[in-house]
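Naming follows writing order (A, B, C and D), and every chain is counted from residue 1.
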Amino acid sequence: MTVALADLNRMDLADFEAALGGIFELAPWVAATTHAKRPFATVTGLHAAMMAAVQTASHDTQLAFLRNHPDLAGKAARAGAITDESKSEQTSARLDSLSDEEFARFHRLNEAYRAKFGFPFIVCVRRHTSDSILHQFERRLPHDAAGEFRAALQEVFYISRLRVVALVTGDGVPDVNGRLSTHVLDLHAGRPAADLAIELYELAGERAYRIVRTVTNNDGRTDAPLIDGRPLPIGRYELRFAVGDHFRSRGVDGGDPPFLDIVPLRFSIAEPEGHYHVPLLCTPWSYSTYRGS
Amino acid sequence: MTVALADLNRMDLADFEAALGGIFELAPWVAATTHAKRPFATVTGLHAAMMAAVQTASHDTQLAFLRNHPDLAGKAARAGAITDESKSEQTSARLDSLSDEEFARFHRLNEAYRAKFGFPFIVCVRRHTSDSILHQFERRLPHDAAGEFRAALQEVFYISRLRVVALVTGDGVPDVNGRLSTHVLDLHAGRPAADLAIELYELAGERAYRIVRTVTNNDGRTDAPLIDGRPLPIGRYELRFAVGDHFRSRGVDGGDPPFLDIVPLRFSIAEPEGHYHVPLLCTPWSYSTYRGS
Amino acid sequence: MTVALADLNRMDLADFEAALGGIFELAPWVAATTHAKRPFATVTGLHAAMMAAVQTASHDTQLAFLRNHPDLAGKAARAGAITDESKSEQTSARLDSLSDEEFARFHRLNEAYRAKFGFPFIVCVRRHTSDSILHQFERRLPHDAAGEFRAALQEVFYISRLRVVALVTGDGVPDVNGRLSTHVLDLHAGRPAADLAIELYELAGERAYRIVRTVTNNDGRTDAPLIDGRPLPIGRYELRFAVGDHFRSRGVDGGDPPFLDIVPLRFSIAEPEGHYHVPLLCTPWSYSTYRGS
Amino acid sequence: MTVALADLNRMDLADFEAALGGIFELAPWVAATTHAKRPFATVTGLHAAMMAAVQTASHDTQLAFLRNHPDLAGKAARAGAITDESKSEQTSARLDSLSDEEFARFHRLNEAYRAKFGFPFIVCVRRHTSDSILHQFERRLPHDAAGEFRAALQEVFYISRLRVVALVTGDGVPDVNGRLSTHVLDLHAGRPAADLAIELYELAGERAYRIVRTVTNNDGRTDAPLIDGRPLPIGRYELRFAVGDHFRSRGVDGGDPPFLDIVPLRFSIAEPEGHYHVPLLCTPWSYSTYRGS
């Protein structure tokens, strides 16, 4: 369900609150404050006005607002007392399939965080892998109160921006999507490597979860980007290229067993809204990669 | 304990047999036949004469000879009824630490092999990783009888050559040792990467066993080769380079998290007596490798 | 001046001959034979029919036809007794600016060719650099008569195809254009190299003629391909990249004088209708290139 | 003719002066001052003592000393009124084969230099190409008097160090030699490229002088370094590798004409006493290079 910016601009307060009520968790006053600023020329402008409402609220109001956010991976999340938006976002980072050990660590960090700052740990989970969320805990826990207050509000910015983009159609939509792509060149043949199998794994601790399985086309690319249409979750990844099979199918001798078989490229994504191009240039005896654009 | 070629050349038959009796499993006749060919100018010549004794024996003698070899990873190996040389060789390929599943597979292949060919599976384990030995089973099982007879004798050649080299000193020793080395160049700085941590893993199925942990010196090399002084076991390996730490220590920004952190290079060794140089050329945003020399 | 395929399909013989008379040098009978095959669904089909007319003519007619072609770089070319199409084509390969020595060599080869084969040397000059034309002379002169007859007709195919494409509009136009492009990635910074000066030279013997001078945009590419919209002349080229200036402008130390200043990439084009992508990946201390796509 | 450090340590003043008189141009007082500091444990110590004599002389003495140096490429150099050491050094940088235009430019800069500073331009020509010497003129001419005085004495240091190393044998000889080497890896075959022709050119303005012509051995290296046993002249160089011939001889198709034929690597040397390793990693369709060690 989406709503047009033009329609929002024309709504009375009740409809406006109803339409935008899910953007900020249990804080309908944000929509109320924003309503007074209509009309908005762009979706970016609408979101900025909503964030301004948060930023200019009193400290107590902000604190209550932060406290109203659900506990990440906590009891609340398991019992369902959160907005539907929160729920689907939290499953996106594999938070529903933590190992017992990870869950315990998560819980411990979460408790320490709440004990120190007095509000739950807030992070825009759609911009992170589960691995990265654990790192975020460890990075943010040493903050002082003011610094972490700012960090939490920055996450509120990211969370609400994604919700606004999903909900509101119109001009000036902020670009919240990243793109991860690859390209395989066979430098032995001097042409793109076609029909070469590629897997993309998300790394979490010592484990690797396969999230994409595809094959190159005649141009050595994949028909669709490996990831696009959404933020690239910050985290560690590994691309695996079936280089050995490729050269075997061309009848090129690369040793027995072949010097190169499955070639892994391990890299991190740091900019969820960025474009990452991670190509592979290979022969049976060498390969190279780089962050392209 | 070693023996000089010059001394062997002067020994009577009893001493000669005693000295060389461990080279060929439970087949003292090989030493006896070889004794008649003395003197030998080189260690290579001595070994060639021993192999000639095997090659020119009757088929029945050869078959009995192959049958006398111990069962790889089998009951015999566990009970100790084999020469000491065999025992230490078989532990070198991690055959003593197979998983239950691998052991079952091993056993199954071993039984199928013996059932088909009438003699135990013989392989020079010091030239293979456990992973590669499993592959050898699968490659050799489809052989016809004559082809596999030749394959088994070729392994006898490799096994006995290593034993001769370990036992006999003198001129003309065959080169049975491979070498694996690396080198790290920091192309961002235009100089070797010093103090960069490196790990070498042997891959077996889905598992990785760390076999070397070292650090680069000021020339970007390791003070000693990663492997040398012995055959390089055929198999799959992974080098892991702490590239992220290197650039962090230089104060070079590579993103947060860094685009490259642990860089894995995965490759296979196919020539145990070969020299493999697997360098890494890297920046915070790119790397390349190749089989060097 | 162009003519629509649909109009050609409707023309009577006289108009048809007049419209297409310039395609084949002084051989109006080709148009006449082709006229009978109308209508043509595609421009490719029209050209195929014209070539079929040539291919199915008697040997004497074909020979007369080849003899009617102007002498490359010869007196005829200087006196103007050739079709306008021939004239502009012959200047495209720098044939009008040969050195005295080259002109003498040209003339000598040309005479030897005519003496051996009985017709002038025919080559589609727009598909070649002057350097390559000299090589063509030397490659084709050793042919036997039948082989060279085929080679000459193949050139007639290329020449006439370009003329047809220039003249006739409509469906199914054959793709006669190549494309040469580049891309510069700064692997020190991990991003495209912007504002980097690039020159493209055509090499002829020991000399280099600059044919393009441009600069990279923010994506590390040039706003327009280095060459497109025409066949890529077969020959040798050199791209020169002002890598030293680029890193100097970024304040990156690359030595004094810098290890890399002007980086030349020298390569040949062999497929005039192909796409050549010749990128540069560089740091102040390293670079690499490859034939991309 | 060389002299042992041990012998110098034992000489009386007259012999000492006679032995070392050629080190500093027409300045026997340097040897005299140095004589009093005997004995010297190392050749480096001897040279340091000689330089200390120069550094601690009065400004007038130093100025007279600098003025006694011959004019580079000037009338004095042509008439022979300089020490033999100076003469052979000045021909090493191709100063005897300047074009008329270069000679005029040289002369003009030289005159401007002398007019501004009151002493001739002094440079250690064996550490520079002729191209680099012209650049040195242009870099040093804007100096103020004190800065250029220091620059001239630094060149005196380099000149005299080379002379001391050539003359005096013994312990602790300073390392004044650089080394330039290369290595060619054929990444298509996965092994060193043997028998591949290499040329090294020194670049001067728009011209290139070939200074080495060699071929790779079975290890892909040259039997001797491209330059060693002397300082590497600061300047621009180009290595040219006959990559096309190499792949042709292996029967590998790289296009016709081959995409890569002669591969030029253009680089500068900035550290005459440094080690420059400039390898080439190539396939018929790609290559890379880097400053190695």
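Convention: contacts are C-beta pairs under 8 Å (C-beta built on N, C-alpha and C of every residue); 3 or more make two chains touch, one makes a residue touch a chain.
Given the structure is predicted, the values throughout are model-derived calculations rather than measurements.
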| item | value |
| --- | --- |
| Label of the chain whose CA centroid is most distant from the centroid of subunit C | B |
| Separation of mean Cα positions, subunit D and subunit A [Å, integer] | 57 |
| Mean-CA-position distance for subunit B and subunit A (Å) | 46 |
| Subunit A-subunit C separation of Cα centroids, rounded to whole Å | 49 |
| Residues of subunit A touching at least two other chains | 187, 190, 255, 259, 281, 285-286, 288, 290-291 |
| Category of the chain touch graph - line, ring, star, complete, other | complete |
| Subunit C-touching residues of subunit A, taken from the complex the two chains share | 185, 187, 190-192, 219-220, 281, 288, 290-293 |
| Subunit D-touching residues of subunit C, taken from the complex the two chains share | 132, 135, 234-236, 255-264, 266-268, 270-271, 281, 285-291 |
| Complex contacts: residues of subunit A adjacent to subunit D | 187-190, 254-255, 259, 281, 283-286, 288 |
